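Chain lettering (A, B, C and D) follows the sequence in which the chains are written, and residue indices restart at 1 in each chain.
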Amino acid sequence: MKLESNAQGVYVIAPTPFHPDGRVDELSIDRMTDFFLKAGVSGMTVLGQLGEAPKMEHKESVDIVQRVIKRANVPVVVGVSAPGFAAMRALTQDAMAAGAAGVMIAPPNTLRTDDYIVQYYRQASEAIGADVPFVIQDYPLTFSVQMSPGVIRRIVAENPAAKVLKHEDWPGLEKITALRAWEKDGSMRHIAILTGNNALFLDFEMERGADGANTGYCFPDMLVDVVRLSKSGKRDEAHDLFDAHLPLIRYEQQPGPGLAVRKYVMMRRGIIGSDTLRKPGAALTPAARAEVDYLLSRLSQKDPRAKV
Amino acid sequence: MKLESNAQGVYVIAPTPFHPDGRVDELSIDRMTDFFLKAGVSGMTVLGQLGEAPKMEHKESVDIVQRVIKRANVPVVVGVSAPGFAAMRALTQDAMAAGAAGVMIAPPNTLRTDDYIVQYYRQASEAIGADVPFVIQDYPLTFSVQMSPGVIRRIVAENPAAKVLKHEDWPGLEKITALRAWEKDGSMRHIAILTGNNALFLDFEMERGADGANTGYCFPDMLVDVVRLSKSGKRDEAHDLFDAHLPLIRYEQQPGPGLAVRKYVMMRRGIIGSDTLRKPGAALTPAARAEVDYLLSRLSQKDPRAKV
Amino acid sequence: MKLESNAQGVYVIAPTPFHPDGRVDELSIDRMTDFFLKAGVSGMTVLGQLGEAPKMEHKESVDIVQRVIKRANVPVVVGVSAPGFAAMRALTQDAMAAGAAGVMIAPPNTLRTDDYIVQYYRQASEAIGADVPFVIQDYPLTFSVQMSPGVIRRIVAENPAAKVLKHEDWPGLEKITALRAWEKDGSMRHIAILTGNNALFLDFEMERGADGANTGYCFPDMLVDVVRLSKSGKRDEAHDLFDAHLPLIRYEQQPGPGLAVRKYVMMRRGIIGSDTLRKPGAALTPAARAEVDYLLSRLSQKDPRAKV
Amino acid sequence: MKLESNAQGVYVIAPTPFHPDGRVDELSIDRMTDFFLKAGVSGMTVLGQLGEAPKMEHKESVDIVQRVIKRANVPVVVGVSAPGFAAMRALTQDAMAAGAAGVMIAPPNTLRTDDYIVQYYRQASEAIGADVPFVIQDYPLTFSVQMSPGVIRRIVAENPAAKVLKHEDWPGLEKITALRAWEKDGSMRHIAILTGNNALFLDFEMERGADGANTGYCFPDMLVDVVRLSKSGKRDEAHDLFDAHLPLIRYEQQPGPGLAVRKYVMMRRGIIGSDTLRKPGAALTPAARAEVDYLLSRLSQKDPRAKV
């Protein structure tokens, strides 16, 4: 299964479950993978930013990739962003050898001009192999790199292996509209647009032309439903479901504690065994934990999935 | 009326209404002021970031300050952030002469260490006059300046005129908790904490110890109600009302188009005459406008105020 | 005298002399202006970053502009960079009314994509008047805005009023070469390139195609000589003179204390009456002062101008 | 040989020599190591920023470390900066097992407050082992992290393993003075200060209290001499030698092309076999190469070492 530019649905960003002592929790990986598949995801992305990739040793990373791919019958994308092309290439080779569908590449946060960003993706694709399908990760809030629609078009034009845009610019609705308009007028080939940002704008992103989500909100089953409802034209129903989750989506979208929120809820839902983060990540404070409990309790009145 | 450290309630951030040709719309200023007062705000802040302050000439700024102060029977705070102390002092003098309650100062986005931030506020207070009450604006997302709780404590300790923290760090809940803990253990004097960020976390900020809001969401009347409900212990009611508005709050909180959303809704509500922004601000695209209309229509089913 | 795209020679960046108590020192302005003219500068730039522009009140700024223009028989460019177009337009109007040759505009440090930078200059030119000649200030070290050669070409193409590039990218030699190559192949119209960065690379910048310097090193008379020698093909002589000054150039180029160095030397040379900076600027420490004295003493063995 | 806080002299930053096809050039590593030792360096640092560390695969890195340590009879420090503690720990373990004297750690460029920087070094030291001596790399120009003197004092106080400050703040002279004053008044324990920044201020840094250099200028033999002359009180001689090299120092200090300059000169001096950089690094343009040749030719009139 290779990643293609007609990807759609939810490519869930998988966290990396750890035991309380920090070791990788393999049983939780399996259980989580099964949960995602049952929830109806179309693909999985492992070792992204919120998969705590920079905290993993190379061998650990490869083990996780192999384990997930073996179990999942959907395309698995592997985050390979690295400060240098050597590490990027090394992980890509191991991932593709294990059967990955493609890789995800974020730009280093020193890039400042359109030309440098375009050049970076050209060199990265060359470094990992021009036949390796990749996801462009456009996440300026974290990476401080601003890609205009025109830059994305240039990257897509230059690199046949660019198959998906993980869109998480903020604000970003007009960017989707601009890219889709270029597809329509023939000045840009089609690529899949899957949106991130913890789904904070998934409701309208779908309506602007996104193909799905590529994020890791703690209720990926809800993301699957919103994408399905939106695609089948059930606008109000999609928004109703989305709005019910928005208070928690917003809470989980906070940079920093967001990942701890996600793991805590997934633990409470019985998907993973512990909400442990590796350092420098930290667990939720008791006050934050109580707030999440309260949000879940409120949510459970609107969505039975939240009765945990 | 001087700004004091016991400030509370909603200090609404007022936009600056323009005619479609870009001139200041004075009748809309009056109408908006009346609307705010009737909505129950405790104070007003003019010429903040979202008051398009950098687009105003000095005389225009002073005219607005005078006009609002004359009409409002609540404390009026004036944003005086500027790249240099001369312009800051000049506007402060005119504002205080017109009867302002105090000024708001954001740090220039070149400050990078704790010491430089503390020194900046020391010098700013000295420049405008040590007797002029001021609001510390802590908004790292826009200003790229990170103030740790310890830095805020140092600023407060050094400057008796520091009366209010406009808290809009993100994430920021633990910061409120940290500051309030220091007040409790006696290591920091009390200052008011009024929160910004378009109220995206107002529900929990109140519970963490905030005294109110200092933001400009297009339904400031809702902010007043949430603050009141929260203070009177009606937690579920506060969250119910807040959650009803959250889809629109989130939409309006987008940097860039957010101000256009705010003005558009205030125009639709009949509060201001036009949603015009001065350049480089731009009006909403038709697609965005339709999205806001849809959000308003959904909101009106939960909050009659939104029937516009 | 309007600024034209055939500008060349040294457009000296003038500091703003203050009395020890912070007031503008008008006699020093006159003496400094006379000194510059006698040194052979081709133009003067006032109220740039190192003219402490953000510390000046509007009236002070206008007074300085008028005073300098009245006395100088060379084109005077006025720095009008501001956080908003209103202040930029106000100062431009007063400056042009006083007889300025043009204005200098730096981009605000929030611009992150090629398109936003190009749009900014389009809107700025429109705001100040499409007939007002302007200098593009390309200074990424301070402004954090990276302009690729392609962006500069787009700005020049869109704005007939763009006459000069104040080039102070670092590194920047290849940028000059790229721009001049485009002029040669006809894909870009000619504009003057005057270089900044305290002349740290003036020796090679001239050889790459610069037309002169637009900086404020404390020996502008040396800059005039280096430009002249370089243009007349006396390469070794140009480098000999330049190298003699390089230890001090480097010392003065430090961001922060650099301006204090400049003013201190100009005071020692008898050009201005005091080395006072307005806050938050600070005077040199005694240790730094002694280092500058030592550098001057060493320099005086190679260039008699430094015998002060 | 463990790194100690009484380190002094020149700890040369070693580039990584490559064959023209990009493979590591082991013979050049040996020749370069021999050259450094003969030049009188007190230590070597491998796999720093300018050692192209992020472009190396883990095994390549370890091979280089082992090769250099085996040959050198001076302390060898290994750059282990990484986006996560896992990779940092893995390389540290291999380096220390091979006999490294210590490691060098730069802060990730997302750190924005004093507290976060201090916490980062605490966690890093814990991650690699509290007994592993480390160098604090303070290089804001590249890493965008500003460490005030107070932050450095806190790091030193908390971490007994912090032995050396690689000082390359810019401007940075007052920082050295501040740290040495604290040592003198007993409020900070002594650590070695070795300066970087391609030695651009080495002349005065020595006089302010630095113990030597920790940089990789293409004439490390000159650095050794300047440090020696300065320590023995031969101020004028130190400056004379330094000034002769300053035109080239400045040229090589350019971020980006600087490393290509360094490798080109080292190739011309016969120290390494090729000036190849791994991507995204690029070779010098012909124009730049000619400029370096000219600088060398001029330098050779003052320092016979430059006759290459």
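One rule holds for everything that comes next: a contact is a pair of C-beta atoms (placed from the backbone, for glycine too) under 8 Å apart; a residue touches a chain by one contact, two chains touch by 3 or more.
Worth saying up front: this structure is predicted, and the values here are computed from it rather than measured.
Q: By label order, what chains touch chain C and chain D together?
A: A, B
Q: How many degrees of rotation map chain A onto its copy chain B on CA atoms, rounded to the nearest 5?
A: An angle of 180 degrees brings one copy onto the other.
Q: Which chain's centre, taken as the mean of its Cα atoms, is farthest from the centre of chain C?
A: The chain lying farthest from chain C is A.
Q: Please compute the C-alpha centroid of chain A, do the same for chain B, then give the distance between them in whole Å.
A: 33
Q: So what's the Cα centroid distance for chain B and chain C, whole Å?
A: A distance of 38 Å separates the two centres.
Q: Which whole number of Å gives the spacing of the CA centres of chain A and chain C?
A: Between these chains, centre-to-centre, one finds 47 Å.
Q: Got the chain D residues that touch at least 2 other chains?
A: In chain D, no residue touches at least two other chains, as defined above.
Q: Hey, which residues of chain A end up touching chain D in the complex?
A: 52-58, 60, 82-87, 90, 109, 119-120, 123, 126-127, 278-280
Q: What residues on chain C touch chain A, complex-wise?
A: Against chain A, chain C makes touches at 112-116, 140, 146-148, 150-151.
Q: Per the contact definition, I'd like the list of chain C residues that touch chain D in the complex.
A: The contact residues of chain C facing chain D are 170-171, 173-174, 177, 200-201, 203-204, 207-208, 236, 239, 243, 246-247, 250-251, 254-258, 285, 287-288, 291, 298.
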